[in-house]
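Both complexes below contain chain A, partnered by chain B and then by chain C.
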Partner chain A sequence: MLQKMYDWVDERLNITPMWRDLADHEVPEHVNPAHHFSAFVYCFGGLTFFITVIQILSGMFLTMYYVPDIINAYESVKYLQNEVAFGVIVRGMHHWGASLVIVMMFLHTLRVFFTGAYKKPRELNWVVGMLIFFVMLGLGFTGYLLPWDNTAYFATKVGLEIANSVPVIGPYAKALLTGGDIVGAQTLSRFFAIHVFFLPGALLGLLGAHFVMIRAQGISGPL
Partner chain B sequence: MSEKREISRRTFLNYALMGTGGFLAAGMITPMIRFAVDPLLKHSAGGDKVAVGSIDEFGAEPKRVEFKVHTKDGWYESESVLAAWVTKNDKGEVTALSPVCKHLGCTVDWNKGEHENEYFCPCHMGRYKIDGAHVLGTPPTKSLDLYETEVKDGKLYLGKIKPNPLPGVTG
Partner chain C sequence: MAKHDKDATFVGDSRISAKRIPNIAPSYSEFPGKSEPFWPNFLLKEWMVAAVCLVGYLLLTVSHPSPLTDKANPNDTSFVPLPDWYFLFLYQMLKYPWASGDWVVFGTIIFPGVAFTALVLAPWLDAGKDRRPKKRPVATGIMLLSLIGIFYLTWAANDEHSRLHPSNGGHSAGGATAPAAPAEKADSSFKPDAVWTAQTSCQGCHGVNMEGVAGPNLQKVGSKLDANQIADIIKNGKGGMPPGMFQGSDDDLKKLAEYMASLK
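The block that comes next holds the complex of A and B.
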């Protein structure tokens, strides 16, 4: 049945070459943990992506209940966490995944660094990877404010002071992020927009570039 | 060797991969789906009836009452004011009609304008009889909704709104 449906579409659109091109490439021996167990360090990039997918999915579902408003934000989080079935699980996935994605990304970066994979001709991919790193930190920073509890509020105040301390552009960066004179209604709304629209958009673009480049250049050779 | 259905290494690995992948995906997706469909599976709490006055106040002539209900909408709780037109017949049976027109939701009034002994909706000239039955030939296609009623200790209590089964009448 499924095979028939697939064949029907394939006959008309010739889709097999498209996914074959993505799926069919040999894993080099030095990258395959089945050959050398220590090659598991090559899994960290894929794991980062896997957790990113979980973050995107769980985040999409969380916005079904969450409202970015200073009066209702905390109450809506409390409601979705305590009164909606599996709310504690879905929010837990997003909460713990946020930390785990940073850990995995850091391990991936260490692997790339210590295997020298960033060297010519892959310098550009290293740069894109660094941009992804900063986008991820931005996602963590903006997402932290959204529950609008005391921890979130004061952590954001500290974060904004750090931004403020940057020479020359600091005060402008702070004003742009705060959106007003105080950390309040406008800040929360802004952080929400940045967290769910701007940064994920940038992240998807950068991830696409990251993957296209690694497919075009191939994984770097053994040490 | 006896006849055995061999499966190739490739087929086995395919099944193993699909199984593991499916298990991982299901573990991720199941909580999220259950989370999203929660409103479908939650039974509505609203069962409390609200007292609107002594039963002796009501008679054959419709009387309008207003009452407050406590609404819990997710994390947002509020008091909303509802109204009802209440009549009591000779046998002591109470009817409480919702004043929301079944055409487009305007508010109907009793005995207003040229239509005597009828509920009248000023928006599009909708008309209903005293029992809430809609008058054929006017815009509404359903009769006015009913409140669940209960008389306890000489007081009238109104509950949830339910559809009125009365068919339309010519008028």
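The block that comes next holds the complex of A and C.
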């Protein structure tokens, strides 16, 4: 039955090459922790992706309750944290996941650096990875403001002051992010839009490029 | 013109590939070493690693609920801001004289800019064929020094913050805001007078029962300061305490100061 359904779709859309491309790649011995325990360092990229998926899912659930305006933002987070069933878990996962994803990405970057895996022919994938790193830091910075508590507010204020002190582009960058003269309603709306739409869109595109490239080139060989 | 095999066929009026590829996993037995297929063998192992990480992650989530301080109050001058921990090293750099004041462009743009540009351009800066860390000592050395710098600056930022503002907790408790132990032992049976319970802005730091939260315990403040000194501190602030937090008339302030001076 399943085989017949698969054949029906395959006859029309020719999905076998796509599926075989996803499923069919050999995992060489030197990256497999089952054979060499030290190969666990090759897990960090996969774990970064795993936590990123959790961040996307928990973030989607958070938006069911979160209200991005300065009157209700704090109250909605407080309600989510204290009243909603499992709200404390969902917010906790998003909060700690944000730190874990940075840790995992840091370790993944170090693994790639110290194994020299960014060398020819993988230069472009390294550059895309660096862009992913910046997008992740941007997600961390914008997400930090959203609970609209004192920690968030003053950290963002300081961050924007630092941006402002950059010569030439600083004031423009600050104006773009703040959306006015003060850190206020406009800032929160903009950070929300950047955190929920702009950066995740960029992140998904970059992750797609990262994965297509690693599939096209295969993983780097043993040292 | 080279002759192609027929590579398209028609289903209805639509062209599709004529070659049907059988959906069979190849064997990697002829590959060097102990290669194994990604699907399903290796993916299952990856999922097991992910499950172990998920358990740790959930334990962290359950044992340390994510912090939420008071609602953002732009007038709260006593709040000491601190960025999230992974920005601390950049933040800390701005506190050194060579990267602040007239030299602030070094801290905000030149050092981070050079470091991150070098990181992005690493494949071209370190273009040799050798991949072993020991065979490319410059790249490895610079990276190790940067790592030491990042760890040191992060530690220094957190250390400085928890030394100067113990009330904010630093990030020592895994980022959770742990109230610092008040210097004096709080008396849990202590019940303050109505002149204190009316002052919600004082209670924010000194506690509903004057037991001390972010600010010091005031239950026996009268043994150290007289009414005039207390009134002066309330008006003008002291240390991390901002001036002008008291809400009420001068008469109310006098009553509060006298009441607090009577606590011995």
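Everything that follows uses one rule, which is that the second predicted complex is superposed on the first by the 206 of 223 C-alpha atoms of A that agree within 3 Å, B and C clash if a C-alpha of one lies under 4 Å from a C-alpha of the other, contacts with A are read in each partner's own complex, and residues count from 1 in each chain.
Quick note on the criterion: a residue touches a chain if its C-beta (ideal position, glycine included) is under 8 Å from a C-beta of that chain, and two chains touch if they have at least 3 such contacts.
Computed from a predicted structure; not experimentally measured.
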_Just checking: does A:84 make contact with chain B only, chain C only, both, or neither of them? Give me first, second, both or neither._
first
*After lining up the shared chain so the two structures overlap, which partner does A:57 touch, if you call chain B first and chain C second: first, second, both or neither?*
first
*Please tell me which partner, chain B or chain C, touches more residues of chain A.*
C
*Which partner does A:181 reach: the first (chain B), the second (chain C), both, or neither?*
neither
*Touching A:76 in the superposition: chain B (first), chain C (second), both, neither?*
first
*So, A:93: does it touch chain B (first), chain C (second), both, or neither?*
both
*asked:* In the overlaid three-chain picture, which partner chain does A:123 touch, first (chain B) or second (chain C), both, or neither?
replied: second
*Of the two partner chains, chain B (first) and chain C (second), which one does A:65 touch, if any: first, second, both, or neither?*
first
*Contact residues of chain A, present in both the chain B and the chain C interface*: 54, 75, 78, 89, 93
_Footprint of chain B on chain A - complex, ascending_ = 54, 57-58, 61, 64-65, 72, 75-76, 78-80, 84-87, 89-90, 93
*Given the complex with chain C, which residues does chain A contribute to the contact?*
6, 10-14, 16-17, 19-20, 22-30, 32-35, 40, 43, 46-47, 50-51, 54, 70, 74-75, 77-78, 81, 88-89, 91-100, 102, 110, 113-120, 122-123, 126-127, 130, 134, 137, 140-141, 144, 147-155, 157-159, 162, 165-167, 170, 182-183, 220, 223
_Per the contact definition, I'd like the list of chain B residues that touch chain A in the complex._
28-29, 31-32, 34-36, 38, 41, 74-76
*Where on chain C does chain A make contact in their complex?*
11, 16-17, 20-23, 25-26, 28, 31-42, 45-46, 49-50, 53-54, 57-58, 60-62, 64-74, 76, 79-87, 91, 94, 104-105, 108-109, 116, 119-120, 122-124, 126-133, 136, 139-140, 143, 147, 175
